[in-house]
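Heads up, the next two complexes both have subunit A, just with different partners, subunit B and then subunit C.
Then we have the complex of A and B:
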């Protein structure tokens, strides 16, 4: 039961996401029947499932919502922008209720009663409420190729303390084969209360066709009992799996084996009017996930679109058995394990390659050729396995539309979120860890970026502001941009605030983008009054740090009167990394390739001393702090001679440039990231570890930490190179 | 964790005994995951001297603690015959560098004697009792504070 419940909530998430996509499309003006039906069906499926689990609060709200949607569907209501606002808020409440039900919480009804009242008011035509549909599970007919089961709607006349159960009990041949007897079950049932049983013998064939091992009878039982449904169900404990059973209590169906199939079918979105189209159309969905807004459920609906709400959904057992989506659910742990194993394989293959090289086989020998093939295969396996964990940023982006609504409501602004590139895929761990910084930036964009409607009108802009959220793949990384068409950064104010806080000198010469980058400094805030939502600047340093922790970088650009854009570039996965293997004091270290700008052979004339211990390196007329990696990490006491070393020009997430001095460069390679924290802890200057081809552990440098440790991250340094990225 | 296990199976506990320098120690066998030979470790920057670095244990990065150094008995000079005892310490897996594994002991809680009261920090921090076995004294090691504090806090 718990597993079915879990499946229901998983499917709910999908339904909620379909609903949200549809509602947003409706909000954009597409009120065609496909879109409306998709939303309707999503809400209906949630209601149906919730009914089966007796989640009353959820059922009630979903029902009200569904009624309103049905009005739109049947043309009794034409969506207006105001109405869509109510609907979107209702969608938020529904999502909250689903979440609360999943966690077994009750939501205080006052928290959403306005929305509930609003949505209800939509269905008051001419001041009169339309006749409500009873909230119960609809009659269902399921054809398993076995005797028919029917769940009839319950009569509403059950007493307060006693329940009325309607039980359909159809034994299968296995029941008799296992020496169970229906008479005993019925006798047991009779003890629970007043029972009326009718035996259906219609399935009984002619005598000559009868199979003595067959099962031909079914019973429909009406039981009035004070016992709860669990006790009634317990009677059938011994014949579970050997009979088709449905128990319906006071009109609320208990989940029976048969219902589960129906429930799953509904949750999969293939239920209402499950025409053959469901299966014939669905393969198209898998090819075009980005058009999911209209595709998945909508395609199933098309011709039979205008099914009245009261009509019973007839889940087709065959459709349920073959899920229309060609996806599987896998526990994240299993994928993780697979990824780890493939990581091992890659390391082992590298070890093998190294051994073969050491053994001096001829380049054309079959061993070498075979190994090359293995290498290629390993790489392909690795790529495919990594792709399993990749998921589109769509769910993340969808969550943001809710944030925009909430903040816009709280600040009295009119804001629309436009998204693009939702199908862009990125590793699940990256998606998860992006949620928080993204939320923060979206809030900022609405709260501080977009002006009030009056101010916008005064500036000659439409009253409604636009926040744009886009994702795209660019040279092996994902780039996410958040832009608003607001007033842009008030540089005068930012500068004044930074001076006041002592972050910069009053006469500091700063370019416009230098000023914009002040927002990322810790402890910076331009908000004259700290709102309860956020203050731009408050926490932007945190945002920057979390992006950097993901191996990404963030930059900002702003044009007065036209808005600001935050741009993030992130790795696609956190499991592998492109790095440059270098030697330092006899050790192999890996420098992440994303941090490297170029490598140089320093001349002694390029190196200048600065202060007691500081050294800088001249690179094309700029002086870049020089970091001796060996001494910085404590691998040796005295600094190496730059002439006999290699300098690697690196850029930190903040845009600061430094030169790392290493003994030599070995090669560039893809490494599997291994955690140091799991068994040891964090090490300053080291991001993680990896395992080399010879089986030894190599450390991966944390360039940002290394730079910060060697060099007080002063503002001048940060700003001088702040525009570099 | 070790304490609980000891309390739970007070009757008969098995211990792995090993030598560090001239002294004998033992740990609860339930904490031991495997025993393996020495392989050179990759040093960690800014690590305490008793953390010899990290090695690859079938894909996991395993820190190696030099028990002699940790106990204040001087740095071990690892040879190919040195032994790494791989142990669980809470959620972490750590390799302990010791000179040799000497014995598997079966002993009961009752025969454990309190640590003799001497002014040794090592004894106070790492030894929670001693056994007398055939005229030898074997100290029972508690592994809780073997890793550096900062590393544990960070993990």
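Then we have the complex of A and C:
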């Protein structure tokens, strides 16, 4: 049951996403029945599942929502922009309810009651409440631990008064057409007690006049049973309206309830040719005469005689079958294992290549050619495997439309989110880790970027602002852009703020782009009043850091009066990394390429001592701290000579620049990332490990941690390394 | 002999529940995700009873029932409608399409199995 519950919530996610897509399409003006139907179905499915798990609150709300959607579906309501706003809010509440139900929480009543009331008001026609279909299904908890059910009458219930029922039952052709069977009805009836049944065959025409789709028999039944009339009637539940039926209990004619009467009336009205009730007792018992059996549609043989006709519909059914893209669901662990194995394969192939090079085979030898083919194949396998874990950014983008709605509502702005490139795929872990920085930037765009409707109108723009979210693949990376058509960055204000906070000198010469980039400095906040929306203690510096932690870069551009664009470039996967392999004290280390600004050959004149052990390096007109990677990581005790080394200028997530001193640069390569935490333990200054072609392990530097550790060390003059900076 | 039930429902949750309840009761279970898929399954096998949802993408329950009834091979296969709707008009529509009976969602396994046994020969 727990597994099904889990499936239910997974499915809810999918339904919620379908719903959101549909509602947004409706909001854009598409009211075709397929869109509306899809939204209806999504809500309907959630309600259905929620009912099975007794999630009353969820069932209630989904029901209200569904009713409104049904009105739209049936044309009783035509969506207006106002109405769509309510619907979109209802969608958010539904998502909250699903989440609350999953976590076993109650949701804050007021937050959804207003929305529930709004939704309900949509179904009030002319202020009058439409006769709402009651929620007819009582949530039932399903208990699969039940013993085998028994439909045998509980005959041991001695003392229960027994009733005598007289039943007249005349099936009409529809009964047989719908695959109901008189014999089965009689069988069920027989289980309720002692039954005598008589078949009246007097309506049976001559053989040549028999219509194989006709119904010619009627039954008179006497049943002695302890069951009440409701149970007897239940036997006929499925054939209501397909037969003339009267049940007399203990000599009292049945008082049929209005429902049945109406149905019967409807059924009778629709078939005026219905045979009159024949109640004459036939001397024959329930055994059907053989001739009748052959002709009666109740017989199983009858259809088989018509097989040639039966073939005809086949092509129709085929034509209706639209080929659907089939998918399988696989546990994430399995994919991870596969990715790991492919990583091993890549490493193994690299090792093999190295051995072949060492063995000095001729370039045209079959070994070298074979190896090239293997290399090609390995790369293809690696790409295909990575593609398994790739998923479109669509769900992530969809979540953002909710953020836009929330922030717009809270700030009284009118904002529309437009998305593009939603189908662009990227590794699942990247998608997951993008959610937070993206949310923050979207909030910023609405809160700081877009002006108030009045200000926009005054500036000659439409009152409604647009935030655009796009994704695209560009040279092996994914580029995500968030742009708004707001006022753009107020550079004057940004600069003044940075000066006030002591981040820049009052007379610093900064280009427009330099000023824009001040936003990324730690401790910078553009809002003169910190609103409760974006002022959540998270600045753009944190966003930048999380993007860099993903191996990504972020940049900003802005035009006064026309808006700002934040552009991020990210790797498609976190399983491989572009790095620069360097040598330090005989070890090979990998520096992530994203952190590297440039590499330099230092001269001794550029190096200056700072404090007891610290050194800085002059790069053009500034000084940057110099980090001797060899001593920093404990590979050697004494500092290396800068003249015989290479300096790699790196930038940390916080924007700080440092120079890493290494012995030499080997090459630039893509490496398969192996988690150090999972395989060994956390090591400060090291982000992960990889395996080289020669089988040796190479450590991947964590530039931020390395810089942080070094900085503290040089200031305090004592070894602070290893405290986990 | 073990009877085979084809369940047609777009909700995975509902399919899982049906499979569990039916398998427990000793039925062989076939499943389809919508009407179109249901018809495809029917090309390969003939179940003893079909249990279908109404609201589904591509082809809904009504469409499936009509298509099944049109095919002479399946004229005699009982079709139970599994639905959250219980109003008379919907039942009437299902009946007109050719449904044999109905079960109201959320179903109780005992009721579901009783309904299946009631229509299965």
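Operating definition for what follows: the second predicted complex is superposed on the first by the 390 of 725 C-alpha atoms of A that agree within 3 Å, B and C clash if a C-alpha of one lies under 4 Å from a C-alpha of the other, contacts with A are read in each partner's own complex, and residues count from 1 in each chain.
Keep in mind that, in the parts below, contacts are C-beta pairs under 8 Å (C-beta built on N, C-alpha and C of every residue); 3 or more make two chains touch, one makes a residue touch a chain.
The structure displayed is predicted, hence computed values, not measured ones.
Applying the stated contact rule after C-alpha superposition, one finds that A:7 touches subunit C and leaves subunit B untouched. Set against each other, subunit B and subunit C touch different numbers of residues in subunit A, with C touching more.
In the overlay built on the shared chain, the residue A:203 is in contact with neither subunit B nor subunit C. Applying the stated contact rule after C-alpha superposition, one finds that A:38 touches subunit C and leaves subunit B untouched.
When the shared chain is aligned, no partner comes close enough to touch A:649: not subunit B, not subunit C. Comparing which residues of subunit A touch subunit B with which touch subunit C, the overlap is empty. Across the complex, subunit B is touched by residues 340, 343-344, 347, 587, 632-635, 674-686, 689, 691, 695-699 of subunit A.
If you check the complex, the residues on subunit A that touch subunit C are 3-4, 7-8, 10-11, 37-38, 40-41, 44-45, 47-49, 51-52, 133, 136-137, 139-140, 142-144, 146, 148-149, 151, 174, 177-181, 183-184, 188, 235, 237-238, 241-242, 259, 262-263, 266, 300, 303, 306-307, 309-310, 313-314, 316-318, 320-322, 324. By the touch criterion stated above, subunit B contacts subunit A in their complex at residues 39-47, 51, 53-56, 58-63, 92-94, 147-148, 150-155. Subunit C meets subunit A in the complex at residues 10-14, 16-17, 20-21, 24-25, 36-37, 39-40, 42-43, 55-59, 67, 69-73, 75-79, 84-88, 92, 95, 98-102, 104-110, 113-115, 117-121.
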